[in-house]
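Read from first to last, the chains carry the letters A, B, C and D; within each, the first residue is number 1.
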Amino acid sequence: MSTILRRQVPLAIASIIILIVFLEYYIAYAPLKTLSSAIQQWAIICATLAVGVGVINAALIKIDKIKKKQPYWYFDAWMLIVFVIFVVTGFMGKTYGEHPIFQWMMQYVYLPVDSTIFALVAFDIVAAFYRSFRVRTGSSIILLVSALIIMLWNMPMVGGLWPGFMPLGSWVLDVPAAGVGRGITIITAIGLVGFSIRELFMKERTVVGVVD
Amino acid sequence: MFVNGHVIGMIMFIVTTIAIYWYMERVKKGAEIFVRPLPAMVAIDEAMGRCAETGKPAHFTPGFSVGGLNHPIMGPGVMAGLTILNRVAESAAKHGVRLIVSLAQPEAVALATEIVSNAYKLENQPVPIGAVRFISSEQYPYTAGVLSTLMEERPAANLMFGYFWSEALQFAQAGNYLGCMQLAGTDSIGNLPFLVLTCDYCLIGEELYAAAGSVEKSPAMLGSLRGQDILRLMAVISMILIWLGSNFGLSWITDLFRA
Amino acid sequence: MIHKDGKGFSNKILNLDPRILWVILIVGFVYTLLSPLGLPIKIDKYTLDYYNFIESLPPGSIAVVQCDIESASYSAQLPIAQDLFQHLFNKKIKVIQIALHRADSQVNFERLMKTIDKGDAVYGEDWVNIGFVEGKETAMAAFAADLTWPQKDAYGNLLENLPLFKEAKTMNDIDLICSSAGDYWLSNLRQWSTPYGQKPMVVNSGGAQLPDVYPYYPTPVKGIMNGIIGAAQYEKLQQRPGLALALQDGLSFVGAFLIVIIVITNIVQISTRYKEGKKL
Amino acid sequence: MEIFSGVVNDRVIGLWVAAILTFFIFTYIVRIKQNIFFKFAESTIVGAALGYTVVLVMAKNIDGLIITQAVKGNFLIVIPVILGLLLYFRFAPNYQYLARIPVAIIGSVGIGVGARAALDAQIVKQMIAVSTLKLSADMFKNVNNIIILLCGIFTVIYFFFTLKPTLHRKIIPITTTAQYILFIYFGAKFGGTIFGRAVLLLGRLQFLLFDWLGIG
């Protein structure tokens, strides 16, 4: 009984939902549409509540690290302090996140750190260009030439000073790259469709959290 | 009865479903389906061997997905990455290598812990302490966490199978700096080029899902891969038909596909 | 002797510490920021189509803007969003803003709106900011079927009480879908444009998404703003020099710098190989 | 600098905090082994991200989607709320499996909605779009159109997984071509990404130079 509840019930629910969601898209039948949109609403409400699980889970993992005094545990303690400050100030305003202190922290603490981590990519891209763009094989030549053309096409200065170059860049983007782009669009979708059909046959267990 | 404009999609869906079911049953009855070999999966043993030689750990991450495993585009990629973790952990345990797994999805922690400890127990190896680490479910905190892990632990192999955005290049460059052997795979088309360029072997797009199948060899995976190939074949044939039809005055073909 | 020196030199060039390159990069960036040259730029057809499509909309049309300004790429997305919103408000197009992927965009959007000249647009009648809604593509599908589905806007007002939603009930009543930067345009296309008869869309893509957007151009994607470069061109079209134009020299610098790196390393590599081959 | 002239306001403090944190993150590029500055900034942002998620995602949407509906008298909303609360059984050791039911709902709706849209927008509509590649009197355009068509078809064929080796050998010309054209696409992606990423660094430098130091 309990294995049924543990494994089969979640898998069956997932399978039925996939079926309903797909049927609603193909068959014009009003009750099906109502049912499908109700299920979608439910999923969004569940997802909203799931955020809390993620937060509790993350906090528990950090608290565990602090308890065991793992290396750098004091940084985890600092993390929890920051978390509490953000939550408290977030609820202080008229609506959520409207309080000036919260907005101040988002602007001067969260934003600079977040965007600086992202900005580190710029360094990595220079290093990658330096290391990886060396002519070795046929495909590396093609990669290099195509990247150079698009880079020049994108470079603001080139458009202004050498407009004659622009058609070449547009050609690469409009013709071969767009063609391959279409192919890639199709194959990613194929992967996703295959995945959903596996779930329809109750074969995709990790998606419903069936681990054992 | 049917929704206008969605009929062709429905037919393709039904045909694919039937094909997957058919081939799943065929595999169960003993039919063999050949899956083309993927060098990135073969190289996992080599990477672990290198870790064992140098006595350094190996790092694995299945990438980042907005809002956890349930994201319709990113989630499947991460889950495919976790199925590859199975194979990676087995190989790590066999070579006696300390494996570090960095995660961005709190709900994947239990799953990954179980995969890793099972693999080590099977080889009668002690399960490494603190092997599975949850960092953060937001993208850039996660990126920062993985980067500092890499810098601290100095692994000899950096394995990235899953879904990645801009952090792909950051991890790959950090691994490059540390002289890691790098294996990667992603279906995130936007950041695939970086991984293809900077890693030793890379799984492209759909190969990420097939990799799990080529390891598992379960009827469901093999049948599904064959079914997907049928869908692919349908897409190719329809493209050719539509193009021929539109050029030789048979516009009814295109109209048929618009149904 | 000379030959040996040459080999040492080429080795050095091929195995530089990347930190040297990074210092050059930062110095170059600082220089271009402090003393801008104002190099000329050219407007490409995708940006022009984007601009013309919004110009062609009659005043009073309704646009849904999915505008996720994440903190991480704030500096890259702010100019893009500024150009779009300024144009929409100048043309008196009604705007419904919704964020579906990044929760922090709500705070950043407030900051963006302070920089926009809204003219005599009235909140609730001419523009609405729904804020962030959880649920990803599922939420997008629900929102498209019923625009008041998120119930409340970012300021706690009930959506059904706002006059704008008397005119706009479902995605069928919308004239334009605007997709903000990042990987999100495909979700907009899948949930909002294709199911509602290929609704016209304009996409603000980061440069990397360009080859993926082209298969959908010109239907339903009517125009593409190519990241910060497109934004600069847009500012030129609007004749409103802003943030994006100020960054163009830095971008030209990084492009030129990378080309120099590639050319030098490849020349050195090929020549060393050639020499070695000759010796053998 | 205003802080030394006695005028201390929140903007000035904010700029200093932001600048210091920015430098902490930039210390990464030195790539030392144990970087406590980077770790400090990292744990700050992990905590901040968790905190704003609770406020802006959970609380706001619980208010908007659940409480507002319940106030209106839609009591059916109780069902998804109960289902959603089942998620919290994850923390009860013996009843963890109950959490799988809502996970199944969220996951399958996401994948179902995603896959049906992908099949329509990414496969069927893309197939139909091929019909716009009509041959005409313009030879250059014809060549281009044929290249677009073939690039698309070759890429799709390249990813065939389960072809028998004998069959696979027959399509080697196609897969080799596909490999090369894939690299054109990758190169275009690479070349297009640089500027989008460089802007981010420019943005940070802009902040340091203009906002913090007040130059210009």
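Following the convention adopted for this analysis, a contact is a pair of C-beta atoms (placed from the backbone, for glycine too) under 8 Å apart; a residue touches a chain by one contact, two chains touch by 3 or more.
Everything numeric here is computed off the predicted structure, so don't read it as measured data.
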Chains joined by the largest number of C-beta pairs are A-D
Chain whose average C-alpha position is farthest from subunit B's own
C
Averaging C-alpha coordinates per chain, one finds the centres of subunit A and subunit D separated by a number of Å equal to 4
CA centroids of subunit C and subunit D: separation to the nearest Å works out as 14
Averaging only over C-alpha atoms, locate the centres of subunit B and subunit C and give their separation in whole Å.
28
So the centre of each chain is just the mean of its C-alpha atoms; given that, what is the distance between subunit A and subunit B in Å?
15
Would you please write down the residue numbers of subunit A that are in contact with two or more other chains?
22, 25, 40-41, 43-44, 47-48, 50-51, 53-54, 57-58, 95, 97, 102, 106-107, 110-111, 113-115, 117-118, 120-123, 125, 127, 129, 131, 143-144, 148, 151, 154-155, 173-174, 177-178, 180-182, 184-188, 190, 192-193, 195, 207, 209
Where in subunit B do residues touch two or more other chains at once?
6, 9, 13, 67, 69-73, 75-76, 107, 136-137, 140-141, 144, 147, 166, 177, 189-190, 194, 197, 205-206, 225, 228, 231-232, 235
Touching two or more other chains - residue numbers and ranges from subunit C:
18, 22, 25, 72-75, 104, 106-107, 134, 136-138, 141, 156, 207-212, 215, 226, 229, 251, 254-255, 258
The answer for subunit C against subunit D in the complex is residues 19, 22, 25-26, 29-30, 33-34, 72-76, 103-104, 106-107, 131-134, 136-138, 141, 150-152, 156, 158, 189-191, 193-195, 206-211, 215-216, 219, 226-229, 247, 250-251, 254-255, 258
Of all residues in subunit A, those that touch subunit B in their complex:
22, 25-29, 47, 50, 53-54, 57-58, 61, 70, 113-114, 117-118, 120-121, 124-125, 127-128, 131-132, 143, 184, 186-188, 190-195, 197-198, 200-201, 203-204, 206-207, 209, 211-212
Write out the stretch or stretches of subunit B touching subunit D in their complex.
6, 8-9, 12-13, 33-36, 69-73, 75-76, 107, 135-138, 140-141, 144-145, 147-148, 151-152, 154, 166, 177, 189-190, 192-194, 196-197, 204-207, 210, 222, 225-226, 228-229, 231-232, 235-236, 238-240, 242-243, 245-247, 254, 257-258
Subunit B residues within the subunit C interface of the complex
66-67, 70-73, 139-140, 165, 177, 189-191
Spell out the residues on subunit B that touch subunit A in their complex, using ranges where they run on.
1-3, 6-7, 9-10, 13, 16-17, 20-21, 24, 67-70, 72-73, 75-76, 79, 82-83, 106-107, 109-111, 114, 130, 134, 136-137, 140-141, 143-144, 147, 166, 169-170, 172-173, 176, 187, 189, 194, 197-198, 205-206, 209, 218, 220-221, 224-225, 227-228, 231-232, 235
